[in-house]
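In what follows, chain A forms one complex with chain B and a second complex with chain C.
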Partner chain A sequence: MHKELEEYKGKLPDKLLEEIEEKCPAGKLKKVVAKVYEEYEQARVDPGEAVGLVAAESIGEPGTQMTLNTFHFAGVAEMNVTMGLPRIIEILDGRKEISTPMMEIYLKKPYNQGDGIKDVAEAIRQTPAGEFVEEFSINVVDMQIDVRLNKERMKTAGLTTAIVTKQLEKGLRDANVKVKDDDIILKLKSKDVKGLNELYALREKAKGVYVKGIKGITQVLPVKRKGEFIIITAGSNLEKVLELDFVDTERTTTNDINEILNVLGVEAARTSILNEIDKVTEAQGLNIDHRHIMLVADTMCASGCVKGITRYGVVSEKSSVLARASFETPIKHIVDAALVGEVDYLNSVVENVMLNQYVPIGTGLPGLVTRQIKKKE
Partner chain B sequence: MHTEVFLNGKFVGFTDDAPHYAQQVRAERRKGAISNSVNVHHDKDSNQVLIEAGRGRARRPLIVVKDGMPMLTDKHVKQLQKNEITWTDLVEQGVIEYLDAAEEEDCLVAFDEAEVTHEHTHLEISPVAMVGLVTALVPYANHMASSRIIIGSKNQKQSVGFYAANFNVRMDMDVNLMHTPQKPIVNTIMHDIAHYEKHPAGQNIVVAIMSFRGYTIEDAVVINEGSIQRGFGRSTYFRPAQAEELRYSGGLMDEVSVPDKEVKGYKSEKDYRLLEGDGIVYPEAKVHEDDVIIGKTSPPRFLSSLEEYSLASNIRRESSVALRHGEEGVVDFVLLTENEEGNKLVQVRLRETRMPEIGDKFTSRHGQKGVVGIIVPEADMPFTANGIKPDLIFSAHGIPSRMTISHLVELVGGKVGALSGRYVDGTIFASEKEDDLRKELASLGFHENGTERVYNGETGEMMQSKIFIGNMYYLRLKHMVANKIHSRARGPIQLLTRQPTEGRAKEGGLRLGEMEKDTFVAHGASMLLKERFDSDKTVVPVCEECGIIAIHDPYKNKRYCPTCGDHSEVNDIEIAYAFKLMLDEFKAMGIYPKLVLRSKY
Partner chain C sequence: MTAESPVRPVTLTMAKKTTTVYDVTKHHLVPEHKKLSEKDTEELLKDYSITAKELPKILSSDPAIQHLDVKEGDIIKITRENPHSGNSLFYRRVTNG
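Our next item is the complex of A and B:
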């Protein structure tokens, strides 16, 4: 490292120093580094700055301008993604079940060139039995359902009668599944079948039994992006998808933060929160400083799992009783605090506003420490 | 193919030829065999015929077209003119029929007679029929965006006008009456139909579209002081006050009279000075805030059985009606009557002349509202080469984003009308052509585009660009600053929270809410924040031992704790009264909120 940069070690982040060294001509190094240091110091947050509140305002204000638009994929029916305010709320609440889970599956080399991409995609998709059946006919005489399979479709999907039978057996607990010739015969297990209605119900259930694909992935859409083919899916199952050998595990993602947390850990979940919020703000044409979102994501992930900005999540971890009570369900918090004899040290903002005391932020933060000299008598 | 038939949403059967079936029902309706309030719709998507005869469907009349010819003929029109037949006859004959939203889907409606072909099933009676009464009052409405038409018609409902001819004997609450309303120069057919000249609501004035020293910012308008002196926008505001002699149990009742000095809550002699012997103000008295207009006393509120006959019961309670904070006016009319229960009822109507002032709201009929930004002396107003001074200056920035071209067309129309001494028809889709107006304006010796050479009123300099100036119908809206202006430094507080009262009527404070508070915190303005929230600050003694609010006895100037006695140490702290209240509520919940005090230093 250059001598001029040496003295700034520890004062400026290493990454920044490396960048200066790489991009700056040696002659101007000293001036540039001094200027960078000046700017860096200016950009630093002062002690007593209300960073959390400023972050809240900086996300909240543009949030009022967001529309309730959902983003539609051109040409594909029924494939839309929650965007805008509802999505932001969903992310910040740390929901376990998101309204439109979605994956972007990147593929390894020969597969991402587009040849046979449809087959690859179809292999992932969870497909119900109904799609491989020519006809479900209800046999009233024997009180059974004759399932005639569509051999052609099964062949293209790489299915055999045995697989379908096995899946149907798994999916239909209350029916006996038998193979007769090329057909599958479904019969209710219980002896006293009251009427046709039960058979109808069985037929409807059989249609929906999944025989193939990865659980949760309801739709697939191969898309060409930046010179390669990727698969976008509706529904998400990161764990199972990463197990597939043709999937590029490094780039494949989902928008389900909780799934990322379970499969890849908190740090990945934190990054995912950042990416997901950025995705929304970008689509809406809003400009929110990345650092505000980072602060929120850090707060959510600080405990090692993803906690939402709700009364059950981050807020419940506040140390002050009054601060918790001022957010939501005050009586619950006050009563609980009374039961264990909690003490509120009035160390934060809301409590002091309630008492009309100086708020420990900005001008209210510094105190004067002085030593009293005792008069000698 | 079978088509399901539904009557009022209930399945009634099948038909094999749905279009023919629907047509048959219509034919029967036109013949009068079935009620004319029945509508049929063949929904091709869901393969259903829906027949509706129920209530709650919005329906509109149209002329029936048969084989490319409208059923309404010249013969009908002549008969109508001679009053030989009525509208109802035409409906019964099947010449005109009402369609609901569903049946309209099956029909092809021609806009005007020239357009009718064999494929058309109906003909619009008049394009005006597409809009409602108030909307039809907007001139040249086909030259503006639909959203602006709605705003324009809503504005007209708020205008100050001649609302009722018998206003002088009415006791309406909170009404305005324009002194010299006029009939609009640019009118529509609806102005004739609705006899707008009998209850007009605006005035024809000269409008210049230009800026004026920045006082036209954010839609504000500039008004000529001379125009106001000549009566532009002048109106009267009426507000009645009333008092009732209520009867109470025990034969006691209120009494309208000048209160005695012994009465509990007696104001001051000055406040009662306007009352006559009967306890009511005299008409034409000039009244100001706190002046009593109806003197009234009530019996004491709570009577124990013992007190009822004692001397104490003679002490009555003051319950006069006085003018509230900031109110003033002239007593216009005094009415003595009885209400439904037979109680004596006194009503006093106050009157106040309202001249346009800064902040009052004005609008044209095109959703182009604005408040007065400045009132300019007539001498300083810009003037044209002919010496015409505008009554009002409207900012050009209001036009591009709102796209109210009708506003501009009316201005030209108004100019033509005023110059040639006639009314201009601006009916939606049936108005006089803009081109014709331009030609006529040119023939009157003006620029056909309505612009004129204008000189600066203050310096006399000629303005570089020509100014678009002409006549428009302007409305004064009922939102006036005099009813809304409000400020407070000190004032009344609420009993419970000791915080300032809310609302103008109670001379309340302006709330610095939660989000506003956040901005102080974001700036780190901790000291300022505390000062802003000091409105309910109190000093309370707190017992150091039990941490509960103690008692201060001002007579002995002693502080002591009600639970620990006088031996414990008691110190004063400064907190928000609302917090003291919260502590009290905790105690009521059975929760012990203990305050631990620590020296600030």
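Our next item is the complex of A and C:
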């Protein structure tokens, strides 16, 4: 780096310095960098600025223009993505269960070229027992269900009768599972079976028993993106997918922030919040400054886990009783605080507004310090 | 309730998961985590004139710091890569909570 730029290191962001060095002729470097520094200092947020308020306005206003719909995913029917305002609300609330979990699975070298991508995708999808069954025939005389398996499908999926039997045993607690020749026979355990209804119910239950694939992944869709094949899924299970040996563990992601928190940690969850909100605003053609979203994401992740902007999340962390009471359910907070004898130090904004006092923001922040000069006698 | 509610301290040792075949730290969403030395910690707190308690937290069970051998009270230095403004530093204090 240039000598003139060296002294601004730490004062200006590295990226700015790089840009100046790249675009500026060496002779004018000193002047330019001084001017940039001046501008940069002016553009900085002043101490005591109410950044949270500005962020709330800046996110809230474009929010009024967002659409309320979900979009269909190009390619397959029934694959929806929640977008727009509902998605923003979902992210900021820090929901544990999101409405349309999705994954983007990147693959390792030989697999991402497209050969046999369908088989790879099928291996990931959660497949219920019903898909490997040729016929469920209900035997009324013996009160049992004869299950004839589809050998061909099982072969392509690499399953044996033994595996299916084992999974059925696990999935159906109230039935005896037996193998007879190539068929599987299901019989209810309880003796007092009155009608056929129980048998029919058992059949429906058997159809949905998990046998293969990754739990939670309901649909798979291989797509080509930037010269390589990736798999987009409906449903998400990051932990189990990352354990697969053909998956690129460095780039595979999910849109479920809580899952990212558990598998990759808070910092990854924070980055993911930023990415997910960016995705929505971009799709809607809105322009929210990145720094507002960063502030929100940092606040949500400050406690080491993801807390939503709700009365159960970030707001419950506030130290002031009055601040908490001013958000939602005021009586509950005030009663609880009275019971334990909580003290409010009135250090923040809302509680001081309530008490008609100066708010510690901007010019209200600094206190006045006087030095008394003793008069000479 | 508040973070400072009177709770009896209990020491729990969590069994660490051993069967991870993938490296969390290499994931593109995970920035670099580093443990701050005692001297650097002092300097940092003096620099910002804060106490360690005022820093944001990170759980000791966080997957991204499992390779670091940390204990409660350590400061983790995080180098975030930001496409908008280049690298930026962030600090978190390890807690068991």
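Heads up, the rule we're going with is that the second predicted complex is superposed on the first by the 355 of 377 C-alpha atoms of A that agree within 3 Å, B and C clash if a C-alpha of one lies under 4 Å from a C-alpha of the other, contacts with A are read in each partner's own complex, and residues count from 1 in each chain.
Keep in mind that, in the parts below, a residue touches a chain if its C-beta (ideal position, glycine included) is under 8 Å from a C-beta of that chain, and two chains touch if they have at least 3 such contacts.
Remember, predicted model here, so these are calculated numbers, not experimental data.
K.L.:
When the two structures are overlaid on chain A, which partner does A:V335 contact: first (chain B), second (chain C), both, or neither?
P.N.:
After superposing on A, A:V335 lies in contact with chain B but is clear of chain C.
K.L.:
Considering only touches as defined above, state whether A:E57 meets chain B (first), chain C (second), both or neither.
P.N.:
A:E57 sits against chain B, while chain C stays out of touch.
K.L.:
Which holds for A:D119: it touches chain B only (first), chain C only (second), both, or neither?
P.N.:
In the superposed model, A:D119 contacts neither chain B nor chain C.
K.L.:
Taking the superposition on A as described, I'd like to know which of chain B and chain C A:V359 touches: first, second, both or neither.
P.N.:
A:V359 sits against chain B, while chain C stays out of touch.
K.L.:
So, A:D278: does it touch chain B (first), chain C (second), both, or neither?
P.N.:
neither
K.L.:
Go through the superposed model and pick first if A:G48 touches only chain B, second if only chain C, both, or neither.
P.N.:
A:G48 contacts chain B only, not chain C.
K.L.:
Of the two partners chain B and chain C, which one touches more residues belonging to chain A?
P.N.:
Per-residue touch count on chain A favours C.
K.L.:
Scan A:E152 for contacts with chain B and chain C and give back first, second, both or neither.
P.N.:
In the superposed model, A:E152 contacts neither chain B nor chain C.
K.L.:
What part of chain A is shared between its chain B contacts and its chain C contacts?
P.N.:
No residue of chain A touches both chain B and chain C.
K.L.:
Would you tell me which residues of chain A are touching chain C in their complex?
P.N.:
13-16, 18, 242-243, 245, 249-251, 253, 260, 262-268, 271-272, 290, 298, 301-305, 316-319, 336, 340, 342
K.L.:
Provide the residue numbers of chain B that touch chain A in the complex, in ascending order.
P.N.:
Of all residues in chain B, those touching chain A are 517-519, 521-527, 529-530, 533-534, 536-537, 574-576, 578-579, 582, 586, 589, 591-592, 596.
K.L.:
Would you mind writing out the residues of chain C in touch with chain A in their complex?
P.N.:
1-5, 21-24, 26-31, 33, 56-59, 62-65, 78, 80, 84-88, 90, 92, 95, 97
K.L.:
Would you mind writing out the residues of chain A in touch with chain B in their complex?
P.N.:
Spelled out, the residues of chain A in touch with chain B are 48-50, 53-54, 56-57, 331, 334-335, 338, 343, 349, 353-365.
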